[in-house]
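Listed next: structures, encoded as structure tokens.
Both of the next two complexes hold subunit A, though its partner changes from subunit B to subunit C.
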Partner chain A sequence: MFTYAILRLQYLLPLNPQHLGPLSPDLAFNTAVSFTTNTNWQNYGGESTMSYFSQMVALALHNFASAAVGIGLAAALVRGIARHSAKTLGNFWVDLVRVTYYLLLPICLVFAVFLVSQGMIQNFKPYTQATTVEGATQTIVQGPMASQVAIKMLGTNGGGYVNANAAHPFENPTPLSNFIQMLSIFSIGSGLTYWLGRMTKNQAHGWSVWTAMMILFLAGVLTCWWAESAGNPIHHQLGVAAADGNMEGKEVRFGVFNSALFATITTDASCGAVNSMHDSFTPLGGFVPLFNIQLGEIIFGGVGAGLYGMLVFVILAVFIAGLMVGRTPEYLGKKIGAFDVKMAMLSLLVLCLSILGFAAWAAVSEWGKAGLNNAGPHGLSEMLYAFSSATGNNGSAFAGLSGNTPWYNTTLGIAMLIGRFWMIIPIMALAGSLAQKKVAPASVGTFPVHGGTFVILLLGTILLVGALNFLPALALGPIVEHFQMLQGKLF
Partner chain B sequence: MATLILAVVCCGVYPLVVYGVAQLAFPRQANGSLIVTKDGTVRGSELLGQDFTEAKYFHPRPSAAGNGYDAANSGGRNLGPTSQKLDSLIKERIAAYRTENGLSDQTEVPADAVTASGSGLDPHISLRNAELQLPRVAKARNTSETKVRELVAQNTDQPSLSILGEPGVSVLKLNLALDSIE
Partner chain C sequence: MTPKAPSLFDLKIVGPAIGESFKKLDPRLMVKNPVMFVTMIGATLTSFAVFNTPNDRSFIAQLAVWLWFTVLFANFAEAVAEGRGKAQADSLRKARKDTVARRLRNGTEERVPAPELQKGDTVVCEAGDVIPADGEVIEGIASVDEAAITGESAPVIRESGGDRSAVTGGTRVISDRIVIRVTMEKGHGFLDRMISMVEGAKRQKTPNEIALTILLSALTIIFLLVCVTLKPFGIYSGVDFSLPVLIALLVCLIPTTIGGLLSAIGISGIDRLIRRNVMATSGRAVEAAGDVDVLLLDKTGTITLGNRMASAFLPAPGVQAERLGDAAQLASLADETPEGRSIVVLAKENFNLRGRDVAQPHAKFVPFTAQTRMSGVDFPANGGVARSIRKGAVDSMRTYVDGLGGQFPEPVVKTVDEVSRSGGTPLVVVEGREVLGVVQLKDMVKGGMKERFAHLRKMGIKTVMITGDNPLTAAAIAAEAGVDDFMAQATPEAKLKRIREEQAAGHLVAMTGDGTNDAPALAQADVGVAMNTGTQAAREAGNMVDLDSNPTKLIEIVEIGKQLLMTRGSLTTFSIANDIAKYFAIIPAMLMVTFPVIAPLNIMRLTSPQSAILSAIIFNALIIIALIPLALRGVTYKPIGALAILQRNLLIYGLGGVIVPFMGIKAIDVVITTLKLI
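So, the complex of A and B:
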């Protein structure tokens, strides 16, 4: 509510040297929801709509808070797993404050200063008017960008300071800044698996979860890189050098590899920052980020959110293994009951329902089709991506879709709320239920939650659930488009 | 109360500390790496591309930002791989690129020369793209190709730490360097 008010009233508040007007009610709703839920969907234009005050207070506060909330929730779930016969999961407010002061802020300070050294701006000046070499005028964006970008990456928020997000030369000046930004997206999500191992006194389990994530990540990067460097045969026929790959929507300083890598990372985690335009990727190149989001962003994942999403799959994997050998499923000595599996399934089904339900609705209604930038199967991909990204709280987009309409702003806003809070409720129920359970000593028949078998089983569960839920829709979007591209069909 | 303190620290103290350190340690970068002439006119930013159309300048990539290189409206064209519109755009750009630089119909055109960047403000072009434009620029300026090639090399940004990213020729810096030798 507070954020909504700032966005609507930004023209009355200080630090608005460009005299930008208020955001429309639906856009303000969408943006407020999107930052609260760690989605950071950009229907707003950044430099053309947001005042410095809105950026610093309305948006940055949520960048910190939503990241800290995610970590706090993951901490609660892990404590639920680690504790036994317990009544409580720790104090959420203490976690929130500690995470912000001791983890996020110090890293951000150093990170932001490093980004400035690479060429990122950090000032409070009005936009600069430049006279270009050929005599035209160019308005150069200014403002407190570095402090925003540091937390946007570390907190896997991903809401850009400017419209072009991390493709903009100010927001990502050099390949080195690009590399460090990618590293910071993954750092907390990756580190949390180690913490999981420590808390549950089973470091091998932490590493096994990490390994499963790493395998999925590498598979994604390699597919995306291969598709993007193969390029688009339709354009090659026109005379574009085939060796250059697909450069539409990409920056020369990053090239094909760093763009494909960034796209995979930003959707493995729920970051959603982009350094190239996913909408212009080849069909299979665009399939990778889309599928990553639909799996639930569990590959390292958003800070905290990735870990609790992954643990849902761990519980399912253990449950399936238990069924296969005909024993009561156990996870780290705790019996998994009907209630736990129900809650785990609920959190997965909510995701699926919101993505497919809203995308289907948009696909058959006038307001949905009116926003499209591309025709044919690519249009369906645009809608599917939008609702996947909103529900998965990612925030990246097939940005050709004009999402800044009352209908899209509202439906995407609702999808974000569903994706965040209806995920959190079953997961907290799960954490509470696990915390109360007694620990049974491990026996010969206990299924070990580390090692190769466990990793394969976990990967199998993830891919099976993901594929069963989303393959039919994906087949009508990117997959059919791939074959049509090979045949040279245009829309 | 704790929330209020948190808000003040995250939204007030933190950006101001970064601001202070940035302005002291890296004043040039923190203010946009601006290129300012002796009389105080701002000619642009080292990091942002500008549009060039005259034959004596190297030309940047096509831009989808506003009406082209609008630094207050960054963004890409967002057309998909099977888009008819993108196909016709690329066809036109290839034809224009070949005519402009006196290339045969068989010459493969570098991808970056006929596709729009993600930000619409990409300051770089690929080395191959610069090489193909070089004879035209040298001819329009009556200078030797060797001299121009030297400047291209001087204004090429190498990959960070030699392995991250791709080399790119900074169009604005190169064109300013070309102007300054006359």
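So, the complex of A and C:
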């Protein structure tokens, strides 16, 4: 609500050298929700709509807070797993403050200074007017960018300072900054698996979860890279193909591999920062980011959110496997009962309902189709991507979709709220239920939640339970499009 | 009763089961199984579509037929499982003939029909009478034929007092006369519970079954959502998915295999238990048995034979071992206690001393009395006493020898101490006033116990022996039997406390016992297995009764419990893994007409879109029938460690579940094409 007010009233507030006007009500709603839920979907253009004050106070606050909330929730779930016969999961406010002050702020400070050293801007100047060599006038963006970008990446927020996000030269000046930004997206999500191991006193388990994430990540990067490098056969036929694959919509400074890598990372984690236009990827190249989000962004994932999403799959995997070894399923000594299964499945159901439900509505409504830039299967991919991204709190866009319409602003906003808060309710219920349970000591009859078999089992569960649901819809989108591209038909 | 199952598709069971499958189509029954309920609704809608659609009638009709088969096959699986239980219940029911009871009231006997008996009534049973109700012997001793419930033809002894006082309604008294106090009213008796259990009438879902049902229902809802939203996506893409095709996709995706077999698995678990002569009062207990990791066993009668047996002759210095054996045997010939008999047997085995004719009129046996606390034999020579042999506990024998002016040698005292320390009971043998030595009596561990406990250890179960003995004796027997832990000088309170402690530490505790003093512990344990020979109190307290009274039956109970869960888990994995192949069959088929470019996705090279969809549906139905035997038999359990089991089942049912449908659907497609059904 506070954010909504700032966005609406930004023209009255200080630090607005460009004198940008207020946001429309639906856009302000969308943006406020977007940042609160760690989605950071951008229907606004950073430089053309947001004043410095809005960027710094309204958005940066949420960048920190939503990241800290995510970590706090994951912490609660992990404590639920680690504790036994307990009544509490820890104090949320304590977690929030600790995470912000001890983890996010110090890293961001260092990170921001580093980004400035790489040439990123950090000032309060009005935008600069420059005259280009052709004689045209160009407005060059200025502002406190480095400090915003640091938390955007670290907190897997992904809301770019400028509309072009990390493809903009100021927002991602050098290959090194590109690499460090990618690393920072994964750092907390990845680190949390180690923390999971520490808390549950089973470091091998933490590493196993990490390994499963890593395998999915590598598979994604390789597929995406392969699809993008292979490029578009039509270009090859016409003899206009770039030597290194499909370069459409990519920043030449980064090239195919860095773009594919960035796209995979940003969708594995729920970051949503982009350094290339996913819309212009080849169908299979675009399929990877879409698929990553639909898995629930559990591959390292958004800070905290990735871990708790992954743990839902861990619990389901353990349940099925536990039955297979002939014992009441136990996760780290805790018996998984009907309630836990119900909550875990509920969170999957919410994801599925929001993505497929809204996308289906969009597919048959005039409002939904109005926003499309591309026809045919590609348009379907765009809609699917938009609602996947919103529900998954990712925030990256296929960009072909004109999201800034009242209908999209509202539905995407609702999808984001569902994706964040309706997911949180069953997960917190799960954490509470696990915390109360007694721990049964391990014996030879208990199967270990680490090692190769467990990783395979976990991957199998993720793909069979989590991913198959989206296959029919995906078949109509990127898969059909891929085959059509091979036949020489484009959208 | 031998644990032999009737042939899987016995005509006597299959016949009625087919009828039952149709009766079970009642929506009120179907709604309990959400997966199959959805399938049935799908089948109904498809049937209507046959009449509403102008073209493709033959295809839709075939689709509808196979959808109905899917539902019927699932019902059939359940009906077969129930049928096997019913066959058993019928044989039990024969035993429950309504009899006339001889009720004692105010000292006079009156004849009343058995159903009129009240709890607390006393009845008389003599040789040939059928015991009218469950109860407890309060007077007399009799041999009882319990073949009706145990299938064991050898009669068992039932007597008042002690641990063998419980009698079961429906069994027959073979000899003697007993007075019984009725403890159970008609309809709640042991036999009644057994019948309702095997018939599955009172079957309640177990906790894991409930959790699994939730998982399956949630998957069903998710896939329902997938199929419903596919329609608008199709409209956008210009593909018109017809209702029957969407239903076919839905039914293929929802876990019908496990959904259809779930209740059959549960029923057959109880059935298998009963075949092994174990009566469980709830399915919950069977499932809990699979999780047991601590087992408490009563020592007497469970680990040991329950009687002290002579195990060694330890002669005094200067005395031949054979002479000691001879004297001990003579002194014990008339001793009808198991201990006395065991001495005779041991002497025969060790020294080849045959039982002699002791019935000679001269031999005079001195029976054991509470005053003398010794027994023995006197052989009168002409005029005087030629040989006088006594055996007894060390204190009484010392007094006896001292009284005769003899010497009690120091080395014998030492031997006595050693025997006590090693867990045995020393018996001193004296001839005249000369101390011949010590007979060591030991509680004998039953044969094969060590292997059984090793087996339990491999299954991840810790065994704890409970005994009233002193810690020294207990430790010695525990070591010999190979149990992991023991609990000495155990009182009922201590047993209860121990169970509570183990449970607080997160263990699931099983307990076997037969005595009334075991009852509280049996009730507290997660799985309490009472011996059928035990007291009524024990049988009431436990949640299982072993009709064979074999304490190590728990191994089999645990295995059945584990099998039950493993079968569910494996079939769930199989069912979900099947989806991959079904996607590859149906999705290309659905899109082929509008997007012919998608042809490469049809990796099975199925003939036509319609044959692909029909093949997937037929496979989906037939796999239920194919897996009924597995569901009834259960997945094999081997104590090879959880990880090894998981790898094995993951390979068979996970990987197998991915591959089998590819082959199956392709094969069916070939058949359909050859027969020109499409």
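As a working rule, the second predicted complex is superposed on the first by the 487 of 491 C-alpha atoms of A that agree within 3 Å, B and C clash if a C-alpha of one lies under 4 Å from a C-alpha of the other, contacts with A are read in each partner's own complex, and residues count from 1 in each chain.
Quick note on the criterion: a contact is a pair of C-beta atoms (placed from the backbone, for glycine too) under 8 Å apart; a residue touches a chain by one contact, two chains touch by 3 or more.
Please read these numbers as outputs of a predicted model, since none were measured by experiment.
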| item | value |
| --- | --- |
| First (subunit B), second (subunit C), both or neither touched by A:N178 | first |
| Per-residue contact with subunit A, leading partner among subunit C and subunit B | B |
| Partner chain(s) touched by A:P441 [first = subunit B, second = subunit C, both, neither] | second |
| First (subunit B), second (subunit C), both or neither touched by A:M324 | second |
| Contacts of A:G337 with subunit B and subunit C, given as first, second, both or neither | second |
| Contacts of A:W93 with subunit B and subunit C, given as first, second, both or neither | first |
| Subunit B versus subunit C as contact partner of A:Q484, first or second or both or neither | both |
| Subunit B versus subunit C as contact partner of A:L109, first or second or both or neither | first |
| Set of subunit A residues, in rising order, touched by both subunit B and subunit C | 376-377, 484, 489 |
| Parts of subunit A lying in touch with subunit B, wherever the complex brings them together | 45-48, 56-57, 60-61, 64-65, 93, 97, 100-101, 105, 108-109, 112-113, 116-125, 127-134, 136, 138-142, 144, 146-148, 150, 162-164, 167-170, 173-176, 178-179, 231-232, 234-235, 238-242, 244-255, 258-259, 274-277, 279-283, 373-378, 381-382, 398-400, 481, 484-485, 489-491 |
| Residue ranges of subunit C touching subunit A (in the complex, touch as defined) | 207-208, 210-212, 214-215, 218-219, 221-223, 225-237, 239, 249, 253, 287, 290-291, 293, 458-462, 504-508, 561-566, 568-570, 572-573, 576-577, 579-580, 583, 587, 591, 595, 597-598, 600-601, 637, 641-643, 645-647, 649-650, 653-654 |
| Residues on subunit B engaged by subunit A in the complex (per definition of touch) | 2, 6-7, 9-12, 14-15, 17-19, 21-23, 25-26, 29-34, 41-54, 57, 61, 65, 69-84, 86-87, 90-91, 94, 98, 105, 107-112, 114-126, 128, 157, 159-161, 164-166, 168, 172, 175-176, 179 |
| Parts of subunit A lying in touch with subunit C, wherever the complex brings them together | 316, 319-329, 333, 336-338, 340-342, 345-346, 348-349, 352-353, 356-357, 359-361, 363-364, 369, 376-377, 379-380, 438-441, 443-448, 451, 453, 456-457, 460, 464-465, 468-473, 475-476, 479-480, 483-484, 486-487, 489 |
